[in-house]
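Structure record follows, encoded as structure tokens.
Each chain carries a letter (A, B, C, D, E, F and G) given by its place in the written order, and its residues are counted from 1.
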Amino acid sequence: MANHLFFPLLVPLVSAVLATLVSQRRVIARSIALAAVLFNLGYSIWLLLAVGATGRMVTQADDFAAPFGISLVADGLSAIMLALTSVMMLVTMLYSFSTVSPYRERYYYYPLLLLLLFGCGGAFLTGDLFNLYVWFEVLLVASFGLITLGGERGQLEGGLKYVVLNLLGSTSFLVGAGLLYGVAGTLNMAHLSERLGTLEHSGIVTAVAGFFLFAYSSKAGLAPLFFWLPASYHTPSIAVTALFGGLLSKVGIYALYRVFGTVFQRELAWLAPLILLVAGVTMVVGVIGAMAQVNVRRILAFHIVSQMGYMAMGLGLAGTVGLAAGILFMAHNIVVKTALFLIGGTAEHLSGTGELKQMGGMARREPILAGLWLLASFSLAGLPPLSGFFGKLGLIQVGLEQGQWLMVGVAAAVSLFTLFSMLKIWNEVFWKKAYVDQTGMPRASALLLAPSALLVALSIAIGFGASPVLNYSRYSAEQVFNTQRLVQDVCGSAGCEAVTSTAN
Amino acid sequence: MSLFQLTMTALMALLSLSLGVTFWRLLRGPSIPDRAVAFDMIMIHLVGLIAMFVVQFRQPILIDAVIVVSVLGFLGTVALARYIEDGRN
Amino acid sequence: MSLVELITALLMGIGVFFVIVSSIGLVRLPDLYTRVHAAGKAGTLGIIGVLLGVGSYYITSVPIVIKMMAMISFFFLTAPVATHMIDRAAFLTGVKPMEGTSPNELQGRYDYRTRRLQ
Amino acid sequence: MLGLNLLLALAWVMVNGSYHLADWIVGFVFSFLVLRLSWSTFSKEPFSVRAYFRFWSRNPLRALWRWLGFIGFGFVEIVKANITVARTVLSPKMDLRPGIVAIPLDLKSDEGITTLANLITLTPGTVSLDVSSDRKTLYIHAFEVRDPEELRRATKEAYERRVMELLL
Amino acid sequence: MYESMILRTIARLMLPLLLLLSLFMVVRGHHLPGGGFVGGLLAAAAIILQIVAFGPDYAREIVPINYLRLAAIGIGSATCWGLLALLQGEPFMAARWLDTAIPGIGKLGTPVMFDVGVYLTVIGVTTQLALVLAEEPTLYPLRRPPPRTEPVAPEA
Amino acid sequence: MTFVLSLVVGTLFAGAAYLMLRRSVVKLILGMALLSHGTNLLLFLMGDGVVKGMPPFVDEATGVTPTAAADPLNQALILTAIVINFGFTAFILALAYRANQAVGSDDLDDMVETDRL
Amino acid sequence: MLTAIVLSMLALAPIGLLARYAPRPLIGWVLGLLPLAAFVGFAVRAPVVLAGSVLIETLPWVPEMGLNLRFSLDGLSLLFALLVSGIGTLIFIYTAYYLAGDPGMGRFYVYLAIFMGSMLGVVLADNVLLLFMFWELTSVSSYLLVGYKHDYADARRGAQMGLLLTVGGGLALLVGLVLLSNAAGSFEISEIIGAGEELRASPFYTPALLLIFLGCFTKSAQFPFHIWLPNAMQAPTPASAYLHSATMVKAGVYLLARLHPALSETPLWTYTLTVVGATTMLVGAAVALRKDDIKGLLAYSTVSLLGTMVLMAGIGGHDAPVALVTLILAHALYKGALFMLAGAVDHEAGTRKLSELGGLSREMPRTLVLTSLAALSAAGIPPLFGFVAKEELLHAVTHSELTPGAGLVVVGAVVVAAVLGILYAWRLVSGIFFGPAAPRKKDHVHEAPLGMLVAPGVLALLSVGLPLGLLPMTSALLEPAVMAITGHAEEVSLHLMPSALSLPVVLSLFAIGSGAALTRFAGQIGAMPSPLPAWLNGDRIYDAAINGLLSSTTAFTRAVQNGRLRNYILYSLLALLAVILTPLALFALGSAPAPDLSNITLPEIVTALLIPFAVLATIRARSRLGAILVAGVVGAMVSFMFVIYSGPDLALTQLLVEVITTIFFLLVFAILPASFERLSKPATRARDGVVALAIGATMAAFTWIASSTTVFPPISAVFKAEALAEGKGENVVNVILVDFRGFDTMGEITVLFIALLGIYAMLRLRPESDPAIADMRGKTTPDAVALGRRGRREMGVAGRDGHDIGQDTVGEPATTAIRSQDAREEI
């Protein structure tokens, strides 16, 4: 049993408790948090390699056998998500050190971050549907805390929308899990996939899948369920925005991939056209919103929505290659989106405002920042040889192979509009003459630049190392879809149903 | 069904009808304290119903539930009365 | 029906009767201050009757009997407090007593500024 | 406080229905714990071993006896009160003459006044409304007020006197 | 807020009783309805009753605990009991039981101790929430927002 | 009875939906409370049949849980859901209160500054 | 080696930053070594290629996607590679003089170097994806170069227009190339070319070709996408000369030529290119004649030439490819020279407007000579290389594979374009150097420094030198290029003097003659009002499109993201209905069993029915506290259901939570306005009611169907069986919670804990409690200050307030608002 799978959960949890107890001593709290994140980073990189080498790893929480107890399952997708989570957490934490006000730091900023890490880790590792719900709620409530931390009016207003709409999604998840238990009598995803796989076509299962589609789509901010995202993501501290924009919104996509790839494999085939439709609409609506906005973080927030469409497209292509392309795109997007928020946030931080109209002159004043922005925004728009190109190319190739002309066309067109609105920021923030006298404006310190530089470097690295990344994505996608193997890994060679019938 | 159980069922039915009557007061108001009284009475009905359920279905483990409901009824009513004092209805 | 069952049914019947009385009172009585009488007295006695019924049904079980006794004392202690709080809240929030309530010696005794009762 | 502690320990073992020494000890320890936690609600002086060992009453048995008598009295009153209420509520035409009457208090202690107030609420025709902030007046609401002075006198006579026998 | 002597007297009396009841719920929770949650909520209810009767400031003094820390400690201890097995090379939260039952309490094992952690967490969280909410100033009367100058858009 | 309770679940969800579509913050929160009740009741009905008066406890006399006893697993799930929901409700309450305070109104239509262009 | 050249050009780009430090303009010569090295590298390989071999190098990159670092050097690539690196060398030198006084020169060199590397990549790539990658990189570097003077709005606009159009076309190109590769089964260009037959027969041929055309037309500024090119003249002149005339804009032509063997000779190919090319040729020439700005004039003449090249790629026939490569070379030489010379004039005279120039022949004689040479070549006057090219061009159009009618039209168009070309060349030279001198923009206009004339000089002289003696060598260079276009061996022999008086020669002479005759009217023709309506102006259309895009997106976003939570909830509920009700109605509703109403007792039904009543009462409640209470009763009734149906733990927990939540509610919302206001209109309420009923009915149906269908037995039997033995407890639910599924519980208490942290921070950390912040916003309230202080005390940070606030960094909106306000007031 791979009991080490508990460490990336327990280390943040225990650190969060400790950081809570010492929260007023910022240096100690920071050190604890940093140590935990570094541990998770190291662990997740090891896990990435180990899973790649030996395949899926499984353990049972509470030592209660699958499918009755809660399984922890680490496969390629989990490992990728876990690693990206750690990197993003590290980067945003470093960025927080120099940007988050001491007040916010003392009011449990680091414990909340660590608990978010805890929740994400659990969500990525669990193999149990209800347990996934619990982790969703953990990370959700941690995100509630972070998004409202500071108590500004915008945060409260936006936070309320965030909370309410996300809870609708959560409720749908819970209802879906309950209905599925009522029909299929189990909660373990491997067992569920085994049981549902034996059904020819069950109407009620297809209908129940709708709840999950709604729930995860609303977490992922797919159209028409994205409203919470642009309403709230620009309100908290920059570091939090960056973390949420880069990482958190992808948890919904992860769940879509995971649950529809394993449990609802049959329903995925049915729902694929709908998912593609949703994906296309999401891309378009998101980019339209981004074009309309006039504030750095608000533009970027709408871009998250738009990019979610691409990730949903990966699922809508309903197959290993499509999912692999989606995973690649997601990995790219997590990195680049966080980078953009950090860079744009730094410009905002230095300018004292995020309104495009009142900014300017950054290219001359902070050329490194400008360079980073240009790279990151071109990557987002999918210009080669940055990571975004490969993400987009993968989707386009699979889309063309499957004859999804319209989808490919939309995806291509949207990337042009993405470029357009990124140029808007570039023009207004970096190229335009400074709106105000900048003589008194602070300079971007190395600590402020380093996190985004790291991410941009990572984006370039994903571009140049696209081959191994794509291979790993394919490996992960195959693991997701290969439910037979999943069942054997989780419940033993005879399968979960055999375990159940002997136990009864 | 024995006579005793029949009696209990009948009593429970009466009590639940009484609950409905109390509920009417809760809906009707008109003042908040009126609703508070009704709330208190509803909790008392619940205690009664659960207590009778304990007897009818021979479920002594539910007695703890009876205790908790009573405590909560008191707490709820008092808190309600307490925090509406400053209001002007 | 055994004796225990008979007693139980009797006690419970009494209890239910008074609970019903209290809820009818709640509906029929003209103002809040009089309704509180019904709730505070009939409700309490009613529930005590029911609880006594439970106690008598499980008369051989000491823990249950003790619990029932504890609950009865609890109601004795708390039910009047609840009625007092409700009455007071009503008076403070300006709920008018019915026509013909006289005397009203509490009228004007609350000092809204110092939050004291003279 | 020790007495209360023992009383709670007794309640613990009886509620658990198991009377081993271990149960007594556990009950005692738990009771001690909660009493220690809620110490300041009972005692003005800070917690000390001495304060803990101070008994509640000098003559517990007699107090117990008096309390039992009081409860019996109260019970009878409650039944009477309920019959009154039932008659009023169930009569087709309700003829009420309610009123709010202030009753001067001779009782001083919190416990005493509270007991009186509760007793008044549970007895026929009257409900305690509030106690004045200086604790010298109890306001009651009565179903039937024909003569306020008479009500004041009767209440003090019938109830306050009995409570004063127990608590001051 | 008007103080109520009657309520205070009863609330004082209730505190130890309810706390004891909550302990009872926890101890018996493995066998009867109850457990860490119910116990914790009940204990918190006992303290909330004090808040209702005495106000938050005095309630803090009556049971002077930092509830936020209590909650943290609760979570920490719950985790620690789960860690026991992990350190012995078994999955997190694998149960460890003492061989003999503790007289007066019953079988003791990590799940029971975990439940105690839950109990502490729930007390800490619920009570602290009640305290901070009770310490808030009353919300109304609010100043109303200025009247809209722009015409109200039609319903979407 | 399952059928009647299904209808009850439906009314809870309908009420929740209606309340959540109102403009008042208070109604919104009440709607969410109804939503959680509906969800809990729904989960409750998903167990191994609805059983009257036979909770999932080990029978002291026989030492085994009756097979006819209610489904313990979905009850455990509901308990988890209740507690999680408790945390969320508290959070929304506090948030709504603070938003109410910051905006100076409890009309949700006054809280449009963050995202309206 | 090819890989090394391309990648090293890109990798070495940062050395351009040296230009910030080293002595100017000497550094230009040093940096020029970079392209020179590349030029030498290609020159060294030239003999092999000219001998007919193709050099191919392959390095795997992302083989899974078909992307490999595969470069090939054949005749066409060699021609372009030599042009790119050769002209690049000259431009590097020229730049050092042109930008001598510009502090940002280092940056400029970096962009130039990136461009050069990318352009080399485009022409050398033998993998469509690799080609696309470099293709996009040239667009990006062009963007940076055009926007070099980004303080000016026009520069930003020009840069953006170019990038959007070329990247937009690039996306089409990408899709087209992927389609093509899928059809050909390979991403390697050499293999795609080999699969010409299959490709033309493939159903993907038409879409792929159209998409590729879109890419090529935008890149090569074909009508109507040409508008970006004149706007790209915002770039400093070296960039204009290099990218927007000599090299980058020819990438589209290059790609057409490259794919010619595989895709040409279909009506789609031939006529699309012919129509687009000819139109562009005429439009460009006509507009060029009317331009006052010299760079604008040159830009439109480039457009015209690019049209001509596309035309050559399209019309087919034996001679068109020859004409194409000759034109490419000739145009690169004279247009590069003209741009650089125009830059020199601009640099010295301080203006680029013909109306503000004139009579500079005395001050700038050397420039005059070089400009005249280049312009004569551009006009196709013998014996310059431009003439040779024009001969080939006319030869090609008269021997095309078009239908006779179409062929005639094209011949006419080419002749007209040639006449116009002579006219604008004349306008350029005469307008700058002759005629009346306009008032000077600068005081002392004098000859450009010699170094600045080196680069255009070389190109201008090549225009002379190639025909005068180097023609055989040129032919040898162009021959393999033509071979690459046609796909089979061709013989190219350029000659200055026609051997016979053929039709092309006649046409050529006619063009020269009529052009010369019309020169005296050149001014008038240029001053004529445009025959086109004002709105039919590419720039206006572009601006209108951008503005329309912005305003329509704004309107849409305003309507959708309208800030109203209830609308968002409505959308969500409708979406939920869509995804659950549809499958339910389609697949599951039929399987619903009939309701079973037996075995129900009165207490059950009464208490169960109280719930709907309470729900209704909650909705209808006019008083807030009433609503809160009634909702509380719902919770109580639900708990009672739990009691009856064997969930005592649920009942207890539910009830405790219910009451405590209600108390929380009271704590913060205790003092409320007496009643709800009716905020929504009746129609809204009716609509919401319908939605709510639909949701309710759907959920009821789901509950009933799912609870009555049990496809598989639940696993819960195991929990019942194992509770005592494994979990040592009699309360099975509690055993699950703390043991069997304790992990869930772990998460759940964490949720509670996190909620506490969040709420605590929300209630205690108050921006308005902070005197330093709140005073400035005038929002301090005594309560808030007290709470904030209390929070700080609890956090143990009392006494350090001032310190903290001083440190409160600008990232927080609170302080930033103040900061930016201050900053604005200072101005």
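The rule is simple: contacts are C-beta pairs under 8 Å (C-beta built on N, C-alpha and C of every residue); 3 or more make two chains touch, one makes a residue touch a chain.
Everything numeric in this text was worked out from a predicted model, so none of it was measured.
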{"item": "Touching both subunit A and subunit D (chains)", "value": "E"}
{"item": "Most distant chain from subunit E, judged by the mean position of its C-alpha atoms", "value": "G"}
{"item": "Farthest chain (mean CA position) relative to subunit B", "value": "G"}
{"item": "Interface with more contacting C-beta pairs, comparing B-F to A-G", "value": "A-G"}
{"item": "Centre-to-centre distance between subunit G and subunit B (centres being mean Cα positions), rounded to whole Å", "value": "68"}
{"item": "Centre-of-Cα separation between subunit D and subunit B, whole angstrom", "value": "23"}
{"item": "Separation of subunit E from subunit G, taking each centre as the mean of its C-alpha atoms, in whole Å", "value": "56"}
{"item": "Residue numbers of subunit D (touch at least two other chains)", "value": "11, 15-16, 114, 117-118, 128, 130-131, 133"}
{"item": "For subunit G, residues contacting two or more additional chains", "value": "554, 557-558, 561-565, 569-570, 573, 644, 648-649, 651-653, 656-657, 659-660, 663-664, 667-672, 680, 699, 702-703, 706-707, 710, 713-717, 719, 721, 726, 729-731, 737, 739, 741-745, 748-760, 762-764"}
{"item": "Multi-partner residues of subunit B (each touching 2 or more other chains)", "value": "15, 19, 32, 36, 38, 53, 59, 61-62, 64-65, 67-68, 71-72, 75, 78-80, 82-89"}
{"item": "Interchain contacts, given as pairs of chains that touch", "value": "A-E, A-F, A-G, B-C, B-E, B-F, B-G, C-D, C-E, D-E, E-F, E-G, F-G"}
{"item": "Residue ranges of subunit G touching subunit F (in the complex, touch as defined)", "value": "554, 557-558, 561-566, 569-570, 573, 595-597, 599-600, 604-605, 608-609, 611-612, 615-616, 618-619, 624, 627-628, 631, 634-635, 638, 641-642, 644-650, 653-654, 657, 660-661, 664-665, 668-669, 672, 676-677, 679-680, 688-689, 691-693, 695-704, 706-708, 710, 713-717, 719-721, 723-724, 729-733, 736-737, 741, 744-745, 748-749, 751-752, 754-756, 758-759, 762-763"}
{"item": "Subunit F-touching residues of subunit B, taken from the complex the two chains share", "value": "53, 56-57, 59, 61"}
{"item": "Interface residues, subunit A side, partner subunit F - complex", "value": "130, 134, 137, 141, 144, 148, 151-154, 156-161, 163-164, 167-168, 171, 174-175, 177-179, 181-182, 187, 227, 230-232, 234-235, 292-294, 298"}
{"item": "Of all residues in subunit B, those that touch subunit G in their complex", "value": "9, 12-13, 15-17, 19-20, 23, 26-27, 29, 32, 35-36, 38-39, 42-43, 46, 49-50, 53, 59, 61-62, 64-65, 68-69, 72, 75-76, 79-80, 82-84, 86-89"}
{"item": "Residue ranges of subunit C touching subunit E (in the complex, touch as defined)", "value": "77-78, 80-81, 84-85, 88, 92, 110, 115-117"}
